[in-house]
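Pasting the structures in now, so scroll down.
Each of the two complexes below includes subunit A, the first together with subunit B, the second together with subunit C.
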Partner chain A sequence: MSLWVDKYRPSTLAKLDYHKEQAAHLRKLVEGGDFPHLLVYGPSGAGKKTRIMCTLRELYGPGVEKLRIEQSQFTTPSNKKLEISTISSNYHIEVNPSDVGHNDRVVIQELIKNVAQVNQLDTSTQKNFKVVVLTEVDRLSKEAQHALRRTMEKYMATCRLILCCNSTSKVIPAIRSRCLGLRVSAPSVDEICQILTTVCKKEGLTLPKEMAEKVAEKSGRNLRRALLMCEACRVQQYPFNPERDVSEPDWEIYLRETATLIAQQQSPKRLLEVRGRLYELLTHCIPPDVIMKGLLKELLQVCDGQMKAEVVQNAAYYEHRLQQGQKAIYHLEAFVAKFMAIYKRFLEEGIADIF
Partner chain B sequence: MLGMVEGGRRRGRPCMRWKEDTKTVTGLPLSELVRAVENRDHWRQVITTITRSRPRLDGTSLVFSTLSFRFTMQAFLKGGTSGLSKDKTDAASSNSKSQKTKEGKAKIVPWVEKYRPRTVEDVAHQDEVVAVLKKSLEGSDLPNLLFYGPPGTGKTSTILAAARQLFGPELYRERVLELNASDERGISVIREKVKKFAQLTAGRARPDGKPCPPFKIIVLDEADSMTKDAQSALRRTMERETKTTRFCLICNYVSRIIEPITSRCAKFRFKPLDDEILSSRLKAICEGEGVDIEDKAVSAVLKSSEGDMRKAIMFLQSASRLCGKDTTVSSDIILDIAGVVPDEMLEKLIATCSSDSYEDLDVAIREIIMDGFAASQILSQLHDNIVVNESLSDKQKSVICEKMAGVDKCLMDGADEYLQLMALFSTVMSQICHGN
Partner chain C sequence: MQFGAEAKLQQSNYKCCPSSTRHDLPSNAESGSRKRPRETGHKSSVQQALFQGSSKYTQNSELWSERYKPNSKVELAVHKKKVEEISEWFAKASAQYGKVVSQSQSTVFHNFLLRANKYKALDLTTQIGASAGRTSDSLLGNKAANDKRTVIVVEEMPNIFYRDSNQFHDILRKYKRCGKSPLVFIMSDSNNNSSGIQKLFPKDLMHQLRIDSISMNPVAPTMLVKLLTRVASAESGKFPTPSASVIETIAVSSSGDIRSALNTLQFACGRDTLDLKAKCAPPAKPQLKKHGSSSSSGARLKYGSSRRTGSGDGDSGDDLGVVLGLKDKAIFLFQSVGKVLHFKRGDPTEHPRVPSLPTHLHQFDRDPLLVDPEEVAFKSQLSGDYLTSFLHENYVEFLSTVEDLERAAEYFSDADSLSALWTAREDLQSYSVSVAMRGYIHSNSDITRHDSPRRNLGWLPLHKSRWFTASKQANENVTSARQLFKGYHWEPEVLCTEILPYINLSNPTLHDPGQIRFVQEMTTFSRSTQISR
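And now, the complex of A and B:
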């Protein structure tokens, strides 16, 4: 039994549920025979990967769905062995080079050259190029991105790249100018509702309209999350009870409690308590930037006007430091301490104003 | 790893021998072939004719080359050695045939490659470089070169075209070493590969007798991504091998090249292309490809490409592919491909900022992020908007621009887009509402 997310993933461009115009464009692109490098970007859960797979299927037919996982080995110039797993079919290969950290340049150099230098044997029946799908391009190091530049041009005849990322801000302009950018925006709440209803219908379940709306709202326009949440609800209780709250991940509740603790009292002792909780979150593999954003969202509710701006500025400041620094906990804690200071000052000023 | 041939040989079927292939290509019995091979010079000529006329191993051109081969072979077998003069014309005809097949295939070649300048004269807008390179083509010496400038201004194209003209297609391979960021370029490569290549002496003439300059060219593309160590290793090599080798370094930022290297090269800055030149080239391409395009769409391409020729051509091709053959390319589709944030959206965002409501701003920014627009794009467009905004005083503008610079740096460092945009727009908000 597979999850609904995988089970009901559209497999052809014609079956896509939203952004139909874009799908039509993609189909024309494939029909034209000529195919540029693609840069697919958009928020997570918007359907980037689904679109890529549909395009590939349109290009090569059902053969692309026969996937196999392989381990490839590369050696860095300093003789270090790197191992990376690739997913490939006869026509394409998918790899996430950021898996190997700062050595991603070697993977890019070796892998793409290997793939690109092999010509397709029979060009009369097949396309005469293969496709390399690179995911999480925004996490590639600058060197790796530079390594891509000329390779993309040089091996254009035998190899096309599809790059997939969340934001193009971190992709260097030289690469952006070599690709056709495809923006995949997140589905709207209505679209999510519709998809949830159709999926439930296919499963033979009835989903009340209010329930679907609730799930869609809670998912934050992330379709994958919405489907997972819906399935979780189904497991917990069926028939669906629209009165019941949609269960949230427990780390979110935990984060909210932490925020309340911070707002209640501002003292070194409380800071110590909060540190424990932050550690707890980090050890459960919640990404630090998600924690930061979650905290900010909760904490802003107790602030007013001018103070909000200040808190946001600080959050941005510490999040930037967090990305550059080594240990997330320092920066999270610094943010919490800073917030406490701002909040306390604000409260004291408020009291002074009264007298 | 890829492209495995599925299935195996059927039971009882012998392996193919190369002899069979030869027979199918030539269409002659073996005994006659043996006779043909005996005359070496002629055979060699026949082989080059075939291989030249066959750009890639694919069905259509194979047929052509087979035909031309048969023709020459039969001519030879009939006329003996006297066929030599004749198969020159054959070679010409088969070349023209191959040209045709190439045109049939040309659909696959991206326009960026197709319209890459073939000669130095074709390079647009970079007068100084073209003048220097033309001189060297006429026979005078070439200095070491350092090309720098923004992407898509023709740096790589220029040197490749020049090298091709200097050496001709045959010598090109042995006289030019092209290294770019996709190759390993640590200090060890500079020490071994580059040095070894640089030390070889080059002759004064091409095989066909025409004169050519007695040096080789090493093209170091994307030189700004070379390490400091590798660059320093180049210093002495560059000087010592001036007799046999010229270096051409290409980079975007000249400041990342160490001083000793820049002082050894003639520096040329490549300017971003003018709108006029860009639009004339784009129109020429549109004509060549038979694409209908609105004037508004051309100006949209110009605006979103910012003087980057490659980007402009890329947008044009993608747009025409997306639209299909018979529809006119509109400006909307260009803007969509370029990922430009619609003006109304930006206006709305700024209007939200002036409402002084933090909640509204939060919702608006979340929406933009959800729509998948890149923060860097929003930043650059906001900048254009703020600078000409008349309702803000100079002081307010300077505060906002300073914040923008900070946010841009943070974004490049990989900070979260939502938080950075929130920080930026809350600054804008406080400047608009409480700035005075």
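And now, the complex of A and C:
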């Protein structure tokens, strides 16, 4: 049994539920023949991948849905072997180059070269180019991005790139300017409600309106999450009970508890406790930037106006360092210590004001 | 696991296999290996003990680690529970397959693997056939006829499989189909080649082929002491018996590696322990005694005795270890970290040339340091990265206010961001340690003067840095997540933060028990309020 997210993913541009105008643009783009490189960006769970797959289907027909998972091997100049798994059809290949860490440059160059050197077999009925889909482009190293820029131009004749990322801020301008930017914004709460209701109908379930709204709100306009939540609710209780809380992932609850610990007490001992929890989150593969954002979100709730600015600024500062540095724990902990200090000063001032 | 953990530090160089007879079943229990596919070192000795007759050793020059190979279950220095676990596995395995150990067969298979390495010949069946001189079918038939029960033990992996693990997986799959005997792999996971284990035995394959994994812990020091004492007394005719403190020191410093402990003992005895007596008689029992545990009274020993507070009395205890030629590296590490954490300041009047700060910077004024952090870092012979992370693990308890914490934590963050550029990482590393060490020292506002009253910290144990294990674990988890949920093709981040948690909540039918177990593992968080290390 597959998850609803996979089961009800629209497969053609015509079946997309929202941003229909954009879908129409995409179709025109495909029909126009001169398909450009695309840079698809937008928040998590907005439907970027879905749109990319729909566009590919529009380009090549149902053949792109015959996917195979393969392991590709690359050799770095220093003779190190890299392995990366790719998902491909006869017409496209999808790869997440950030899987190989700082050797991503080699993967990008070799992969695109390999794909681009082989022409499409039947150019009369098919497009005369193949597509390389690169995900998490914002996590590519600068070297890799520059390599990508050169390769893009060189193999334009036989290959198009579709790049996918959450934010363009980490993509170098040279790449941004070579692609057609396509922002997929998060669906509105209403749109999510709509989709949830349709999916439930297809499953033969009735979803009360309040419940749909509740889930949509809770999902933070992340459709993937909304569907996962809805499915979890279905398993826990059916008929749906709108009174019941929507369950959240365990790590989010854990992170919230951690934030509460920080706000409760500011001491070296507490910091040690928090550190233990940060390690626990890290070993459970929660990315450090997600931890940082989650902590910030929870901690801001105990801050007043002026302090908020200071806390956010510090969070941004340490998040930036997190990206640069090697050991995430130093920066997460530094942020926690910083917050503790700021918050403690705030509390002490508050007490001073009272007297 | 305050101390036990640091033992791991030293285990990477354990591969000093003294056995010259390659075809023997692996002998001594090896240390510190966390076992993987099926079994580890101890297992083989267990096996030997369980299934093999006695062996005769006569030569005098023989290594003790060879001579005192355990011959029965009772002699094993492994924890009873482990022995039971392995015995159970054997019972299960032989019930399934109906075999017992025959040494020749293991040799054959060993040969086969060695040959496979040499000739790159990969067909398991024909290889077994070739090396045994018959086809595998007839071989198996023969076996049944002989009613000889067999366990195949593979102790060392041919290198080629590290490069191309697919070949190995194919062989395993084939073996699964045609093999009739339980197959045992013994691997030690040293710090650096754990990725090799991940590669050779990925989680999905383990589940697919139903490979059990039994992991062995380092042998407990108390057990080692018993064993060493037994061996020493057995040998005592030729040498003066080493004193209890010598044995303790050896046991503790071997970090659970029986072979190395026995070898050390043999060499130490060879050197004539009378020399040592002078060294270790009065002040010795150096490390153990310090924690108020006296081994004679049966108190528990722990590894990492080396960890001491680094203040003053540090040197006397080393001597014995040096004389014995022990390989305790952690001693330097924790000593260095301790030196920085318990830093001392001098009287400024004795250091007249130290310039004073202008008044508006008065808050940053400190008495001159008596420790030279750079020298500590240099002497420790460790990479700055490593030293910094150990310091980071321990500094918090030495600070008393949140303000100090704020500053010190920021310095650690600074230290790490110095290593942002990988091209310059090597060069900047020494600066990065300096920033961390000096940052901590300056941030500690309790000790700004040479006569600052010291807060009674009590006895603070130092801890091993958790970062390396944590990031290793995280990497393994990501890899496993990918292997197990291949079909879902999500990016790892989405997989771990959204898909897996909700799979846990919504319980769709998963394909195999490996997935189920993994999802549970990934969604269970330790909430103990104790600071676990």
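Everything that follows uses one rule, which is that the second predicted complex is superposed on the first by the 355 of 355 C-alpha atoms of A that agree within 3 Å, B and C clash if a C-alpha of one lies under 4 Å from a C-alpha of the other, contacts with A are read in each partner's own complex, and residues count from 1 in each chain.
Rule of thumb we're sticking to: a contact is a pair of C-beta atoms (placed from the backbone, for glycine too) under 8 Å apart; a residue touches a chain by one contact, two chains touch by 3 or more.
Keep in mind that this is a model prediction, so the values were computed, not measured.
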| item | value |
| --- | --- |
| Clash or fit (per the criteria above) of subunit B with subunit C on subunit A | fit |
| Partner chain(s) touched by A:114 [first = subunit B, second = subunit C, both, neither] | first |
| A:308 touches, of subunit B and subunit C: first, second, both or neither? | first |
| Contacts of A:87 with subunit B and subunit C, given as first, second, both or neither | second |
| Which of subunit B and subunit C A:221 touches, first, second, both or neither | first |
| First (subunit B), second (subunit C), both or neither touched by A:29 | first |
| First, second, both or neither for A:42, with subunit B first and subunit C second | first |
| Contacts of A:68 with subunit B and subunit C, given as first, second, both or neither | neither |
| Angle, in degrees and to the nearest 10, that opens at subunit A between the C-alpha centres of subunit B and subunit C | 110 |
| Which superposed partner A:324 touches (first subunit B, second subunit C, both, neither) | both |
| First, second, both or neither for A:280, with subunit B first and subunit C second | second |
| Three-chain overlay, closest Cα atoms of subunit B and subunit C, distance in Å | 10 |
| Doubly contacted residues of subunit A, that is, touched by subunit B and again by subunit C | 324 |
| In the complex with subunit B, residue positions of subunit A that touch it | 25, 28-29, 32-34, 36, 41-43, 46, 70, 72, 77, 88, 90-91, 93, 108-109, 112-115, 118-121, 123-124, 128, 130, 138, 142-143, 146-151, 153-154, 156-157, 167-170, 173-174, 176-181, 183-186, 221, 289, 292-293, 296, 300, 305-306, 308-309, 312-313, 315-317, 319-320, 323-324 |
| Contacting residues of subunit C [partner subunit A, same complex] | 163, 389, 392, 396-397, 399-403, 405-406, 408-410, 412-413, 415-417, 419-420, 422, 466-467, 470-471, 473-474, 477-478, 481-482, 486-489, 491-494, 496-499, 501-509, 522-527, 529, 531-532 |
| Residue numbers on subunit B that touch subunit A, as the complex places them | 1-6, 56-59, 107-110, 112-113, 151-152, 156, 180-184, 186, 188, 221-222, 225, 252, 305, 308, 310-311, 314, 317-318, 321-324, 336-339, 356, 358, 362, 369-377, 407, 410-420, 422-423, 426-427, 429-430, 434 |
| Subunit A residues touching subunit C - in the complex, by the definition given at the top | 1-3, 5-6, 44-45, 67, 69, 81, 85, 87, 96, 99, 102, 135-136, 224-225, 228-229, 231-232, 234-236, 247, 249-252, 254, 257, 266-268, 271-273, 275-277, 279-287, 290, 318, 321, 324-327, 329-331, 333-334, 336-338, 340-341, 344 |
